[in-house]
Structures are given as C-alpha cells and as structure tokens.
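The following pair of complexes shares a single chain, subunit A, combined with subunit B in the former and subunit C in the latter.
Now for the complex of A and B:
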C-alpha cells in the first residue's frame, strides 16, 4: 500500500465515520416510526420535506394566483379585492376574431399571444437548425475543438440582461453594426425601430443566447452514436447527406425531441433579453406574453393584478401541455431504451 | 432565585435598549435625478448632529424602486418612514397626516398650501409632506447648433409648428438624425395637448372622452415621426406606457430641440458642461395657449411609521424656509415654498452660465400654464390618461393602427381603469 492510498483511506474513514454515527442515532426512532405507520408512512416521511417545499413555493403561489385571477380592483392584497368570478378570463377571451387582435377587448394580450406564437415557431426552428449544425461541426476533429465548444457555450453563462444590453449597443441607431455599415459605405438600418428588423433581432439574439445549451445536449447525443455505423457506411461508399438522414438523425432523435420541447417551453417564456433589447417595441411588435403579464401586473402606471393573474394562468396552461408532451416523450424514450 | 432575577433584569434592560434604538430610527427612501441625493445627505447629517437621539437612515434607490416596489410595500402596511415620490395623489391614502403633530401647521398651510391637494385624498385637509421641487415641462434648444446652422431661435410666442420647422432646418443643415424629441411620457405631452385645447376632466371629475385638443397635437406627433422630424426611437422603440427620456440625445447634440422639463437643468448642466450653449425655451404655443404642465416630487411621511413624532421632527427641519432655500439653490430645483418664492433672490449654486437663465425661463413660464393643465397634478385619473396616450400613440407611430382606432382604444383603456378601480 502506498502512502497516498493510506492517507486516502484515512480521509475516507474520517468522512464515513460521522455518517455511520448519525445513522446509528436515527436508526431507532426510524424503526419505531416504521413499526407505527408501516412502509407507506415511511414514504410519506421521506417525501414530506420535498412536498413541503413544493407546496410552499409552487402549489400555494399557483392557488393564490388563481384566486387573484377571480378578483378585481386596485388593492394589492387578496382580502381587500372584490370577487368577480371569471370576468377577467372573459375580458381576455372577448374577441371578434382571434386572428385579428384589434377586434379583441384586450388587444394587447392577443397581440402578445400572436407575437409569442410567431416567435416560438421561428425561434425554435432556427435554434434547432443552428444548434444541430454547430453540434455536427463541433463533433468533428477540428483544430481547437475545445476552444470552439467553450466559445459557443459562453453566451449561456451570461445574464439575459447583459445579453440584451450588449446587443442593444450593437444594434441601436448609432450602434456598432450601423457604424460598421457606414464605414463600408452602406446606409444605417433601423434595427430596433423597424417592426420587421426588431422582431428578427429578437429571434437572433435569443438564438445566440441559448444555442450553446442545446448544442451541448445534441453534441452529447452525437457522441453516443456508435462509430462503427459510420465506418460501415463509409466502407459502403454512402454519401454524407445520406449518412446524416439515415444514421445520425434517427439515432439523435431522442435528444432532438427533448431539445425541441425544452426550446418550445423556453420560447413561450421569452422575456428578459428581448425586453432589454426592444422594450416590446416598435409599437407592440416584440411584446410577448410574459412582458404583457409583467406590465399589467407590476410596471403599468395603474396595475391590474387580477388581469395579469388570469393571463398567467392561461399561459401556464400552455406550458403544462408542453411539459406533459415532454414527459410523454421522455417516457417513450425510456421504454424504447429498455427494449433495446 | 437571585440568579433568575438577574437574568430577567438583564433581558429587560436589553429589550428596553433595543426598543429605544428602534423608536428613534427614521428611514428615508430617496431617489435622485441629479445631485439632490448628495444635498439631502448633507442636510440630514446636519440634522443628525443636532438630534443625536434620532437615527436617520438614508436609502438612495433607483426611481424604478419608488415606482414599482414602494406601492407594494405600502399595500402591505410597510415601507420606509419618509419617502420621496412622484406618484403622489394615487397613493395618498398611505401618507401620514402630520397636521396634529406639527408645531406650526399654519406655517405649512401658508407656504405649501397650494400643492397640498396634490398629495392628499380629495376633500381632506391632511398635511402629508411637501413638494421637494416644483417642476414644469418645457423645451431646451441647442443654441450652438442653431447658430451654426444660421437659424434664428423661435421667439416666445412661437407655435409648435414653427419650433419644429426651425429645428428641422437646423437638423438638415447639421446632418442630424432628427429635429427634436419629447420624452416618452403621457405627462410630457399633456401640456402641449392642453395648449391645443384639450381638457381631460369631465364636469363630474371623471375622465372625459379624448377631445379635439388631444387629437390635434397627437396627430401632429404622429406626422412628425412619419416625416422623420421627431426622433423615432424615443417613442417607437418600446411598448406599453414605459417611460423613455430623450435627454441623452440632446446632451450628445443629436437633436437641436428637446421637450422635457425643469428637472433636467442640473442634468444638462453637469453632462453638457461647456460642450455647447443651450437655452430653456418655455413651452411652444398651440391654438389655446403656451402651456406646460406642473408637477414635481414630494417628500411625504408614511402612515405606517412606528415613530411618527420623529418623522414629523425630520419633516419640520426639511420644510424650514432656510433649508428649502438651500436645497433649491444647491439642486437647481424650483422651490414649492411660497415664502422662498415670494422673497426671491435664490443664488443658484452653479458656475454654468446656461443655468440661471434657464431656471428664470421656467419660473416665467410657470405663469403661462392653462387651468386645464393646472388641474391635472391633483386629478386621480391623470395616470390612467397618460398611460393610454403613450401606449396607443406609439402603436400608431409604429404603423400598427390608425389614429381613429387609437382614439377609440384610448377611451376604452381609460374606461377600463376607472371600472377596475370601482
């Protein structure tokens, strides 16, 4: 036995010993508890702390939020507010045509719904494509591979506010991008005051900020694909495109589905970086659901917590659906993995 | 037994000591636009030296904290003991009525009486505090840019159209991005609206429908943005009623004319320095007059304080004529104290030659405000109106809706706020 391993063993024993003493101390009361309540009681005992935290920080706020959505008035505290039943929901859902926000009583809510829907479709599509391409490149034997992986992951570590500010300085009227365009003889573009460009900027910045995380998941999936499949395809002279569609994509599908669902959930919740970047403008072109809720509930000159709560419940319902889909996909993958 | 008594005695003494320290504590929530944070700290330090039994804690916070977090604290029956606020009327039910505790309530009625209605519930005679400054909306012109362009600065009775045309000539001559900007705020455009004949208040005190005055100036604003005369990003690059100032664009000489208010004087002076010459212009005229809009920030006691007597002592000190005078001179704020105003002779603490004429211009313009504008600071639906104006006009500017739709939406938004409050 070397000196190093002897020291390691002593340190290990020193760490394990107190745990053993603790186990011995709680052993007797736990046995008593189990005898009194049975195995079900033991499960409840071990789950209780987690359930308590879940109850206080998730369930109770949800219930309180729901109660708020059934009240009206300017008062902030629930007992001081008047009960109006489903009136806030009616107000949100009152529309001539759901396809035309201007016909809705709460037109800003529906504008936010439309913007969020369009954003989710475009951002998630672009995010998946860019993340996939990046993961495929980073999976190859390229020079400085670790460096490039770090580079692409770096934006994930930044605060969304920092992301928004950096891009605002780049895209504003006298920002970096327009200065560069001007240097090369082009006319400056209204990146943040033109409806089309502002929406495009929101998508681009959001993809830039989040792609590192999804690239990492896809990269892990790519590295789990057995190399011999590629070697066999190479020996058969299969074209690279066919290799991608017939080997890479099918075997990456479990990871890809998780990435899609997670990206969808994040896209529905989009707020901070785009809020800092555009403030929801021009007009309401980049006003998304979370910002609408924030503005109505907290930031407006005259707050309406009831309406904000009702909007957040409706948004929560969408997120629950997406989460259930994610769970279903996860379970299917698990079963598939078990069969294989 | 003896030991137990000793322990209990020690505990009681400790409790008494801690409660005594708590009893003398006054927490002040303060935000700053310019240098007033340093000035108030200096003034409170002097009070502290004279009154060692009162411990003052000055919390310098961002304006957003006062706007968004303080109302929630107040609803919870908490918050600081004294706060500097601009949302004065709507939160009036949370202010402390100092009248019964003041040594000389008449002094407060005489000197701050004209603005007390701004900060107390309708029909009340409470004295909740005083205005730390009176503000008046008005314009600023970059004199250097006007001179370089060879364009004369419009005279005192010049209309909004004349001002915008003159600024547009300067902008074109100097290759600037726009002729002018107005802060993105319903408060800021309300003076001009009134100048075009707007009246927000119906006969019964409730919000009136959007009238021709609002439509006249609102239409002009939209057209000026479409023509590239008004800086687009100030109003267009945000949603809802979010506040955006255009001061930085004026400070960076990107616009020759800027419509904001008297509170910008210290900011412009400190940031422009000797970069260029600037002048305050008062409010351009409309068809009904040349009105700005008065307003300001108030220092109020909070009724949930545990030390109301100490709060009143601090407020009595800060409301003293000599202290108000010193505060105004050092912060370059217009005083709201009648005695200070009547005596005049304020010696503005600034070496900037632009400052004194600018403040004098605002004092002069204060006499030109129209009654419809003077009624707004104490009107409880003012914020509902302001929010609707900003939200809908910026949608029109962004090309999302037509003006006719916007007027209807404004009426609906305001009606919803009134219904919500019932």
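Now for the complex of A and C:
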C-alpha cells in the first residue's frame, strides 16, 4: 500500500465515521418507529422533511394569500385587516365589457390581463417558431454545432435582471442599437418609449432569454426521431416540406405540446426582464399581470395587498389549468411511449 | 428490367476507406446476397446503391443509366430497412400509400396497388392499425409491402430478418424467397447470416473489410472457397482449418503432416507445393468421421458433445491445441469425453497457400 492510498483511506474513514455514529444514534428510534407504524410509517418519516418544506414555503403562503384576498385595507399583518369576503374578487371582475379595460372598475388589472393575453399569444408563437427553426438547424450537420448549441443556450443561464439590463443598454435611446443605426445613417428609434416598439422589445427580449431552453427540448425530440424514417422518406421521394409536416412535426408533437404548455405558463408569469427593460411603460403598454400584482401589493403608495392577493389567486387558477393540461399531456405521452 | 452495375466503387469517410474498388454486375431478376461480418461494408454498399450515400469515386448504373449522382427517389429502387423504418404515427395503409402519394399517383391506382400488396403479403386485416400495434413479423411484412407497392426496378433489403425470432426468421426467409420468385424482380439482400445467404441467394458476394472476397453461387462458394476467409465464413459449423506442412511430394500427390498426429497423402495434381512448405488444409465438419486406423487420423480429446438427434456435433482439441469440430451422423458419442480418432476423405480437403489463397488440387 502506498503512502498516498493509506492517507486517502484515513481521510475516507474520518469522513465516514461521523455518518456511522449518526446512523447508530438514529437507528434505535427508527426501529422503534418502524415497529410501531410499519412500512407506511417509515415512508411518512422519510417524506416528512420534504412535506415540511413544502408546507412552510408553498402551502402555508398559498393559504395565507387566499386569506389576504378575503380582507381589505393596507395593513400587512392579517389580524389587523378586515374581512370582506369575495369583495376583492368582485372588484377585479366588475366590468362593463371585458374587452374594454376602461369600462372595468379595476381598469389596470384588465389592462394587464389584455397585455398579458396579447403577450402570451405573440411571445409563445414567436418563441415556438424560433425555437423550432433553431432546433432544426442545430440538428443538422453544421460546422461548430456544439458551439452554436452552447451559444443559443447561454441566455438561459443569465438572471432575468441581467437580461433586462443588457437589452436596456442596447435599446435605450442612446443605446447600442441606435448608435449602430446612426452610423448607417438612420434616425434613432424610441425602442423603449414607443408603445408598439416597447411591447415588441418585451416579446423579443423574452424570446431571446428563453428560447435556448425550448430549443434544447425540441432538439432532444428531433434527435429521438430515428434516422431511418428520414431515409425511408428519401427513398419514397418525399419533398423536404412534406417531410417536415408529415414526419418531423407529428413525431415531435409530444415534445412540442410540452414546450407549448411550459412556454404558456412562463409567458403568463412574465415579469422581471420586461419590468427591468420598460418598467411597464410607456404608460401601461407593457404592464403585465405579475407586475400589476407586485405594484398593487407592494410598490404603490395606496397599496392593497388584498386586491393583489385576489389577482394572484385568479392568475394562479389559470396556471393550475395549464399545469393540469401539461400533466395530462405528459401522461398521455408516457402511455403512448409505452405502447410503441 | 433491373440490372445494376457497379464499376470501381470506392467510399471513404475522411481518411478511412470503407469500400475498395468494388466491381459488381447484378443481373436482372437476380437475388444477390451481400454477406460478411459486421463492419465489412455491405450495408454501406447497399446505401450507395439506394442513393442514401454517395461513392467517393466509381460509377453506378441501373439498366445502363448512370445513376451515380442521381437522388434516391429517382433511382426507382425500394428499400426494406433493418429497423423496418415504418412511420409510427401512420396506419399501415398510410405507410403503404405515403410514397405513392409523393408521386402524385391517382387515389384509385394507390388503392389498387395497396390491395394487391396486402393480398400478396396477407396484411389486409392490419391496414388500419399503427406499427406499434403490430408484432415484429407483421411489421416486417408491412415494410416489404411498402417496397412492393412502389413496383421498383429492384428491391434493396438491409438485414430484414435480424429483428425476428429464430422460428419466424425461417418462415419469413421462405416467404421472401417465394416473393422473389413471384415478382421476378432484382433483389439485393444484405445479411451477416451465412445460412440466410445460402438459402436465399442466386449468387452470394462475400465481403471483408470493404473488399469483395468472392462472388459465386452458394454451392460454388461452399465447395470451392477462394480463400481462407470465405472458407471460414461460408458453412456452419465453420470449416476446420489445419496448419500443415508438406513432408514429401510425389507425382500427383503430396504427403502432409499436421496437428493431432495427422500424416496423410493428398491428391494434388495441380498444386505447386514443395517439401517443407507451410499451407492450410481445410476440412468441413460434415466431412469428418470417427475411425479406428491411424493413417490419416487426427487424434483429439472430446471437449463438448452436442447431440442434436439426427447428428452429433463433437467439439474436440488435439494435443497440440488445435480445435476441431466434427458433425457426425446419428448419435455417435455419449458425451463422456475421452479420446477419438477423426478421419476425413483426402478428396474432400481444401488446400490454401501461405497467403490464404485456394490451391487447386482436384
């Protein structure tokens, strides 16, 4: 035995020893617990830490949030607040026409709903199309394929605030993009202070920030399609467009459904990068639901935690529906996979 | 028509050359089987024929038309893939129709062709099922059906039986053979299973390391293998190859010595062998018998007996470490081991020189 391996063994023993002592200490009570409760009790024992964390950080806040949504006033502590039942919900849902936010009692909420709805439709569509095209390109034998995969995934690793800041430096009036346009003789554009461009910038930036993740899922799906099928299609004289629509897309559909639902969930929750980029402006043109909840609950002078909580519960309901759809799709894919 | 001619075909991937100067003339209506061990280039050659890969150099003709750079779809060939490559999200009917729809064929014509193929392959009852709902054998039929409906100039089959169990392989092999006779269309069939090659082929092409080792009719390859590789590859169990030495020569014969105390005269009228020269004697396991005499006998210890009923396969080992396999008629050994003397008719021996090439001697 070499000196090195002897030292290694001693270090290993020193690390393992405390674990052994700990095991010896908890062994006796665990045995007693198992004798008393059986294997079901043991399962409960091992699940308890996780359930505790879930309870403290997810379940309890959810219940407390719901209780807040049934109270009014601007006090933060629940006992100091007055119970109003469903009044906050009524206030949010009271509307002349849901298509016109100005007819609603809580017009900002409905403006945020409209903005979020439009954002979800446009951003998810663009995100899916761009991610799909990128995945299709990265799935081909291109030079530096691994490098390009890393490049497209890189923004996913950035904090949303960093994403927002980077793009603010690029898009602000005296930012990089306008400087470059000026060099080529174009007039500067108000990317972040024009209603249309600010909304478009929000979509573009969030697509840029998230597409790497979705590209990765689609790429994995593309690579799971057997190469033989494409060769069979080639032998069958299938045109490239038909190969995509009749072979690639149907076989990619399980992944695509997951991607669409995840993208929808993320898009509904959009906040940080766009908030850093535009602050919800100009006016309320990039005000989204999460920002509305944050501002009503914490940031405005006349803060109303009850109203914010009610809005978050309504938004949560939408997310629950989307999550259930995702779970259903996932289960269906699993069953289908098992059959094939 | 379905004559395929390959002239000086080479294929290299970077610096690695996988096919070397392949010359092959496949006759119209022929069942040609490409056989060889894994990595010998047989599938690559089939892909070149299909148009799924391009040769680095050389020329490929179908019915006299140069198709070397013609796309797979325009070669008029159909391929049956090892994995079947059926579109899993389509029904059997859709799988069969897909290639015909690409050609913008009228629906009535598509239906007629599908009906003919399904009747021929007895897959009519599965038309509305998806591949995932079919057994391996049924999928295999559908894959063949997809090729049949295209009415191709030639069929290319890439190890189509390799995913089937042993029993189904035998029955499907017979069906493919019958299909070939019925359609009378050229078929190029790739396999690593020499039994499949022997039973199906009009001609066999034996390949090794990207080169053609021998082309011939199955029994020609069996009876007169061109070299040691073909001798070892064709025939099951594989041929016994004994390293021997020429002890003496006489007009029309040579006296040889080999492992297991072998000492015998072999007719070698055409062989240009000299005393002291090393060469290899090949003897098929089926040509060996158990005997008593010591002349021309190989003395060996029995290591394993496989009693198959109508024949017995004896695995033996000589004192000098030479493995020998003998297939004996009937039930001759009881499996208790011991020493036996194996004999063979010198006329059944195959001679190979030091470079491994066949020495004509009969």
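As a convention for this text, the second predicted complex is superposed on the first by the 300 of 340 C-alpha atoms of A that agree within 3 Å, B and C clash if a C-alpha of one lies under 4 Å from a C-alpha of the other, contacts with A are read in each partner's own complex, and residues count from 1 in each chain.
The rule we apply is simple: contacts are C-beta pairs under 8 Å (C-beta built on N, C-alpha and C of every residue); 3 or more make two chains touch, one makes a residue touch a chain.
Since the structure is predicted, the reported quantities are computational estimates derived from the model, not experimental observations.
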Label the relationship between subunit B and subunit C on subunit A in the superposed model as either fit or clash.
-> fit
Scan A:250 for contacts with subunit B and subunit C and give back first, second, both or neither.
-> second
Report for A:235: first if it touches subunit B alone, second if subunit C alone, otherwise both or neither.
-> second
Does subunit B (first) or subunit C (second) touch A:192, or do both, or does neither?
-> first
Touched partner set for A:215, first subunit B, second subunit C, both or neither = neither
Report the partner of subunit A that touches more of its residues: subunit B or subunit C.
-> B
Which partner does A:206 contact after superposing on A: first (subunit B), second (subunit C), both, neither?
-> neither
Note down the smallest distance between any C-alpha of subunit B and any C-alpha of subunit C in the overlay, whole angstrom.
-> 49
Can you list the residues of subunit A that meet both subunit B and subunit C?
-> none
Can you check the complex and tell me which residues of subunit A touch subunit C?
-> 226, 228-229, 231-239, 242, 246-247, 250-251, 339-340
Would you tell me which residues of subunit A are touching subunit B in their complex?
-> 72-77, 102, 105, 107-108, 172-174, 190, 192-193, 195, 198, 278-287, 291, 295, 298-304, 306
Of subunit C, residues touching subunit A in the complex = 50-52, 71-74, 77-79, 81-83, 85-89, 98-99, 102-103, 131-133, 146, 150
Residues of subunit B defined as touching subunit A within the complex | 68, 71-72, 75-76, 87, 90, 177, 232-233, 236-242, 244, 254, 383-384, 386-387, 391, 394-395, 397-401, 405, 409, 412, 417, 420-422
